[in-house]
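Supplied in structure tokens, the structure appears directly below.
Naming follows writing order (A, B, C, D and E), and every chain is counted from residue 1.
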Amino acid sequence: MTYLSAAPPLLVRDARIAFGDRLVARDLTLEFPAGRTTCLLGRSGVGKTSLLRWLAGLLPEAPRAQPVAYMAQSDLLLPWLSVLDNVLLGYRLRGDRTALASAEERARTLLDAVGLADRLDDRPGQLSGGMRQRAALARTLCEDRPVVLMDEPFAHLDAVTRLELQDLAARLLAGRTAVLVTHDPLEALCVGHQIRVLSGTPFIAGPAIEPAGVVPRDPADPALLGLHARLVAELRGLAP
Amino acid sequence: MRPLITAVGLLLGWEALVWVSGVPSYILPPPSRVLAVLVERSDLLLGEAVWTATEMIVGLLLGLVLGATLAIVFAASAGWRRWALPLVIVSQAIPVIAIAPLLVLWLGYGMASKVAMAALVIFFPVVSALYDGLRRTNEGWVDLARTMDASPRAVLLQIRLPAALPAFASGARIAAAVAPIGAVIGEWVGASAGLGYLMTLSLARGQTALAFAALVVLCLLGLALYYATDWAARVFVPWQSQGE
Amino acid sequence: AQDKVRLLLDWFVNPDHAALVIAKQRGIFTKHGLDVELIAPADPNAPPKLVAAGQAEYAVSYQPTLQMLAAEGLPLVRVGVLVAQPLNALVALEDGPVKSIADFKGRKIGYSIAGFEEALLGAILEKAGLTLKDVTLINVNFALTTALMSRQVDGVIGAFRNFELNDLALHKAKGRLWEVEKNGVPTYDELILIAKRETVDVARTKKLLAAIVEATIWLKANPDEAWGIFSKSGKELDSELNKLAWKDTLPLLTADPTALDRARYQTFADFLVTRGLIKQAPPLDSYLREIK
Amino acid sequence: MRPLITAVGLLLGWEALVWVSGVPSYILPPPSRVLAVLVERSDLLLGEAVWTATEMIVGLLLGLVLGATLAIVFAASAGWRRWALPLVIVSQAIPVIAIAPLLVLWLGYGMASKVAMAALVIFFPVVSALYDGLRRTNEGWVDLARTMDASPRAVLLQIRLPAALPAFASGARIAAAVAPIGAVIGEWVGASAGLGYLMTLSLARGQTALAFAALVVLCLLGLALYYATDWAARVFVPWQSQGE
Amino acid sequence: MTYLSAAPPLLVRDARIAFGDRLVARDLTLEFPAGRTTCLLGRSGVGKTSLLRWLAGLLPEAPRAQPVAYMAQSDLLLPWLSVLDNVLLGYRLRGDRTALASAEERARTLLDAVGLADRLDDRPGQLSGGMRQRAALARTLCEDRPVVLMDEPFAHLDAVTRLELQDLAARLLAGRTAVLVTHDPLEALCVGHQIRVLSGTPFIAGPAIEPAGVVPRDPADPALLGLHARLVAELRGLAP
């Protein structure tokens, strides 16, 4: 289930993100290294979602280079499809029957992994908030794309499920270029090959922080503690 | 039970209206007389009702299919929208007398021309409501589909269309309610038949009670069609809201 | 083989069509080698146009209508006549305030749109020293008697003498009637048969008229039996009003459907020109065809 | 520019249709002739158009107000819904000829009876669409309002109603499109003015080109009213989706 | 801005919560002590939201005893109202003009406290996810009710804002009976007078855990560390 072909890096060059006269980013140049997971941290409203949408090619001026899998901040499940069909949405939309048939197995495995094995036929309206988020996560991972963009994918999960799914995600993201927005510095330290903190209006990205070791890291690792403090300080707006 | 009580209540209200307002019975006959005629001429009424009901149902089905198709085409193609949307709007302004000979010329004196006219009246609420619904899909879903490399066609058919089904149901309800009048208007085209014909005839001949008996049958047909459509809409479109 | 013929009536089937219905029901058309389909249109404006467009071989129409359509260039010709006198009349309630035409001054008159009733009324009023400006004209569509009885109007034009008085009588009201041809309007043929100018089939038309003659003779001789046949030819026809109208209508049916009085057409065309309904009277031969 | 191109294109299409199908001009006159008549008789047409436009606009306004009121009443009260909803549905099945004498009796031969008839046709899409919209509010909002001790009235007016405004706009668009025919139907009731009246009269006299000139004016009025309503709907209901 | 009159306790007696044949809770008896904040923890899908809705009187069989302020898992902002008007929604709905006038000041103060002072006139559609959640939080706190029910109120907030708003909430909830669903055991330990873990299907509530000290507690307090481990173990389904 890992992605074998070479994943591309993601490049942002001189980008400008604005809504009306609200400038979110200006002259933004950033690189997300190929085949690695970058975690984005930043105060609420700084522009993380906007950057992710830019990377997904969803903002008007944004280019759309390579296929991506995008998980938005809200779950965006379609109320008229079962959980399984929601997870297979991409394959259904692309209308490739053979791919769809072979993806179904993958979807079931993923739904099992996120703990929804017994809810395949439920409608999203029958799920709890966390279940919905897990279904959306399964859908994103089922897409099997070289680039994966995820906006707060674990926000509604309990601590235990969260750790399990961080592991799952880290495993499935191996070899892909992933950008993951999170509000939990520890989570960023566990699943990210590198971490960038966005701050300011218009925002700028802080230097890449690259904890040692392989992902997923153990949250109990004392080496992460110092970095955690540094990240929180950066978030507070204090230079590291 | 309840619809029955309602019906009896309405009939009593009508009877009271006749007595209180003193409307002459050749303008508004009391329901008691209409009911008597209804029973007496049930044979005649039934025959015409079958004709009109057929027009209504075929017109509604045609209107639904045509309306849905057009709405989807409009949502899919700006070109079509630019050319055909004004045409569709304009089509609603055309009185039957202006094009009745044209319809007969093309479709003959039979039911086809009547149904065509009925469908012309019925299809519009469907186009309009569904097209509106297709335009106001939750943009998040559309964005998601775009990241999944969905073709515009797939977005339309698999995202926008199901999301717009409640709007379609809404349009279908309106269409069902106007189907009777659509059928009656359609009866102005081609040869004389149906409840609308019976009504015109009996009104011109001073048989107001018979005309109102025909009207009662028409209303019952209309109610039946409306509630059938409403029921179908509830069963087949269980999700209600447009957004999340 | 039978010659298939579509004949459009002017409106819903009524005793005015007695000869046609009887000819069909008693097989008289068949006897003359014709397979006639009688089509009652819902829209009284449509039949002449459909005949002109070749959608039917014949239609029942009215002389004024034919003359107006001919003036507009429709390729129609008159080939026969069913009722060779006006049926139209101005009607008021007997117990109403209107006792003579002059009493209409300042009152409301209802009509149902046929295109020329305004002209008829204008002529009638002028004869009584009034003009159209002295009355209020109101289109009451087909609800002539209803409008009259509920006293929303004081008189109606466009009422047929064989129907509306009976209709009033059925509602226990009595009408006062002024015949148009005796009050300033030249006489005309109320019901005529028209066909398309370029394609009139003289032989077929002869057969048709012959059948109508035969049917007319028979039904005048056997009015009760004829009523029985007529009222059973359609469920909606068996009404009290039709039964009353039947008696009044039979004498009005012309015995000679082939007759043509050219002078009558010339006079009426001049009348239409005077009333401003047509700009110029088309040549008589362009829309009259005598089938002998 | 664009609407102009569309209009010219449609006229060319119509001309082509006439030539290709060989429809006689007394059934469907070519636009060239209609335009000539349009110019020639512009005086007459304008006078009748003012009359019909007034009926349309007043009818639409009345229909919107009446429709919105009824929809809100239906959403508020199950009792009213049970009694009046079938009545409203049935009202759509009533042909004008059946109640024309009644309307005239109550409202006279002036514009009131015509506007009443037009409003009867126009109000239904508004009731139906708005009532549908009021029924399918995001239940989360309603629950929230309930925890805030909102009265049912406040929930209806401050939550359900604004949430249903896109549905109202949808109904208003349909209403605007049927307003012209509503006005023409209204003119069936004792009319001596208006485009519908002019059409009937000229069709009876074989002046098909004049009838179609009146029809063109009617269609233009219809388009203008539709696009005005559409514009108003966009401006006043900027939020689009029902849910989140 | 604290609530002065006596807040009532919340009692659940022999409650049954079910959706169709999915039984969420049976014979549930629970008490939430008066004037204190109880944090609910539990695996995703265990029934936290359902319990909260039961307490808010939103489930069919649930009684509705006292006025509550309820913050749902999704923000439920009304798209046609400005942020300020959304916060004042309760007052507008109750239609009490004097209360509305006096509440406006309070609403502005609260919006300032949650960092939305310069977004008062924005529509919700112009806000980021975290901003929306902060607006919903401000709305809930603005209601000034003796009982406050909050479902994952801080899920979309960054670590720093989260701490600030936990403080704010703890201050404003003083003296009220509050029930707060969260997925972060540390958060529960900081803001809750007592903590209950829900587990099982149908769920049962674990024993009340009552950390020492006054709320809001310092997350760095080492005493909380042991409790944290205990909570995570309970979440894992291991008896403490």
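Rule of thumb we're sticking to: a contact is a pair of C-beta atoms (placed from the backbone, for glycine too) under 8 Å apart; a residue touches a chain by one contact, two chains touch by 3 or more.
The structure presented is a predicted model; accordingly, all values stated were derived computationally and were not measured.
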Co-neighbours of chain D and chain C - touch as defined: B
Dominant chain pairing [most C-beta pairs in contact]: B-D
Centroid comparison with chain A (C-alpha atoms), farthest chain: C
Inter-chain centre distance, chain B versus chain D - centres from mean C-alpha coordinates, in Å: 15
Chain centre separation in whole Å, for chain D relative to chain A (CA means): 50
Distance from the mean Cα position of chain E to that of chain C, given in whole angstrom: 84
Chain B: positions in contact with at least two other chains: 27, 97, 101, 105, 138, 196, 200, 203, 241, 244
Junction residues of chain E - those touching two or more other chains: 74
Contacts with two or more other chains, residues of chain C listed in rising order: 45, 49, 53, 142-143, 146, 150
Interchain contacts, given as pairs of chains that touch: A-B, A-E, B-C, B-D, C-D, D-E
Touching residues on chain E, where the partner in the complex is chain D: 53, 56-58, 67-70, 72, 74, 76, 78-80, 89-90, 92-95, 123, 125, 143
For the chain D and chain C complex, residues of the former touching the latter: 23-24, 26-27, 97, 100-101, 104-105, 109, 188, 190-192, 197, 200-201, 203-208
Residue ranges of chain D touching chain E (in the complex, touch as defined): 138, 140-141, 143-151, 154-155, 158-159, 162-163, 165, 239, 241, 244
Residue ranges of chain E touching chain A (in the complex, touch as defined): 19, 22, 41-45, 49, 73-74, 115, 126-131, 134, 151-152, 155-162, 183-185, 231-232, 235-236
Residue ranges of chain C in contact with chain B within the complex: 12-13, 39-43, 45-46, 49-50, 53, 55, 142-146, 149-150, 163, 167, 170-171, 235-236, 239, 241-242
